[in-house]
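Only one structure is covered here, and it is reproduced in the block below.
Labels for the chains are A, B and C, by order of writing; each one numbers its residues from 1.
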């Protein structure tokens, strides 16, 4: 089976009007419009394998949303190619649109002032979903997301979390094979977020859908994505397993050691993060981890020792700030 | 600190609005085009009517031109000064941002009435004045100095009346209906002022005289220009103006009190 | 989409349009009332003219005018269509992205929603019609052929105007100053459609010009069918003209829409 999403040298350039402040500049701009080219997506390439959940990470303006828009047919590319289920998305073939779903955190696809059930009915007609499948999916997903009792309430009367879950139900009624999720858990509380993540995992497992997910919340990515693509300034910085991210970008590891007789001076070993009478947390350069560990083991009676990558959030932060620095 | 005076307040906002809109010079030409088209349509409508008759309910073509001119003029006043503020007021109520305007050291009604202006709609005021002048010349018998003074007084009354009506309507429907419908409805009713209210059946004429006084906003000033004014109309105009100005203020105060109470 | 799938969609979508307007019935009713002011004004003006001219003007008696403008109100409710300037709000607000994400063209979605709304609006028009009839006492003497013709003509007239306004709306994909163009066209429609006054009261050259334009087929034609001023042949001819305009503008739209979309997806919402 071919890869459902194939991106090759994809490029998107925006023309941004340029104008200085001031009256004279605004007069000039009336006559001559000046533009600057901003490369939002810079010849990126990647492919998604069937059934993969991939996290798409990047700060605002990195090119994530632009890429997702191109993959869902809302923007056409200025260079390179993309194929979703074999189609070029911006040609917006009906066949393609019937097999994908785009869920953006802040947007509504459901009718605001009517019960969700009515919008589901409409979706049934839009996607020509067979009755049995329609009913099965509607009931199953609503049950799983705990909104079954709310389908007859007008959407505007639902809380943000309930609305988001309802949107997800509506988006999956036609059984899409490729799912683009843009910030799906934004604005939700922690319990809702967990619920939603579990649901996406289950859906991916049972339906085998391929999921491309963008999120600000590392927890989303950590919970869902086996693989991450990191994008910054329109270019891909990393494409691989989440675990490998730290290896690639983190310069340090975190060593936690518990012992009653820890050395007083640890300045030569690494950066001190936290110290209590019998616990020590150090950040140590990766190349020195073996050396520092054996030192600690030899001078103290260690009862517990762990070596971890720094928190993913920090790693990502460092990636982006590092790229911004001159 | 002494609260800022109404004239100064209005002037400040007007200047800001003007500076803002002068940036968009293209909007001037767009508005000019739109106003010209509207004027042309109005003139053509009158021409079509008068191609079939010499007088319409006792009004000659030149006199009807006066009605159109005043309608355009007052319409310009509404679009330039009144409607933008009412729309902003409704937005503020919907978004819950009215408090910002209410906590300034100035009268609340004043604050919400002088914040926004649609500068380029002033073209309609200019056009209205030109048409009124044209009608004044076309009508038999010059109106003279006294007539001109009458006209200015009545136009001022008319402006205050439409302002009061717009404000009262906006305040009353704060939370009942969707804001844009109110504006649309008022605009629609104002359209009835295109033609002299004397044409309408009695019950409608009375409605348009005492409930939504288009009669005093449009027809009476036109009567001044057309040389048809009788003294009692002038007195009535001033009386109705006073009633509506006071009435709308009362409605405003009550509306604000309810609003403040609700969001506390 | 197959025909049956399309029909299925239209039923589902028009139901949504219907339910939405029922949900907001207060605002909808006031909106409809607002549209009734215009014909009331014309009615009064032209009745006055006719009375002053001794009972009739340009082939229309006082009663004829009354009938004309009362039927006008129903025709107006039926020919309300998707406003061209609404596209600007749609593009700016990102709503268009949502509409483009489903395998149904926005045109069908809009058309279907409007069809659903029409039924609500007709219901709301009925009390207005009753009031107007009781007040002005028009004399209407409908033949079955006229009624049948009218029932078709108001829907085809709606389709004509819907396509016209939808095509106008496409301008928004190329410029934000479309409002000026819209005003011009609507002004033309006011004078050349029988909206302001029956075309036979306009100078001859105006009538000739109107015959080349689609406006009268959404306004004057359905009205005249209803009030019985057209022979059966003329009714059939008129329906034919409506079909022609629908076909023509439909084809034009089919060519413009992909271009408009290309323009939009080049820059995005």
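Heads up, the rule we're going with is that a residue touches a chain if its C-beta (ideal position, glycine included) is under 8 Å from a C-beta of that chain, and two chains touch if they have at least 3 such contacts.
Only a predicted model underlies this, so the values are computations on that prediction, with no experimental measurement involved.
In this assembly, A is the chain whose CA centroid lies farthest from the centroid of chain C.
Nearest to the common centre of all protein CA atoms is the CA centroid of chain C. Here the spacing of chain A and chain B, counted between their Cα centres, is 54 Å.
Here the CA centre of chain B is 30 Å from the CA centre of chain C.
We define each chain's centre as the mean of its Cα atoms; on that basis chain A and chain C are separated by 47 Å. Chain B has residues 26 in contact with two or more other chains.
Residue numbers of chain C whose C-beta contacts span two or more other chains: 24. Not a single residue position of chain A touches two or more of the other chains. Against chain C, in their complex, chain A makes its touches with residues 14, 66, 69, 72-76, 90, 92, 94-95, 97-98, 102, 107-109, 111, 113-114, 118-119, 121-122, 124-128, 154. Across the complex, chain A is touched by residues 1, 5, 8-9, 11-13, 15-16, 19-20, 23-24, 94, 97-98, 100-104, 261-262, 265-269 of chain C.
Residues 24, 26-27, 30-31, 33-35, 37-38, 40-41, 44-46, 48-49, 52-53, 57-58, 135, 177, 179-180, 183-184, 187, 190-191, 196-197, 201-203 of chain C are the ones that touch chain B when the two sit in their complex.
Of all the residues in chain B, the ones that touch chain C in their complex are 26, 30, 33-34, 37-38, 40-41, 44-45, 48-49, 51-53, 55-57, 176-178, 181, 184-185, 188-189, 191-192, 194-195, 199-201.
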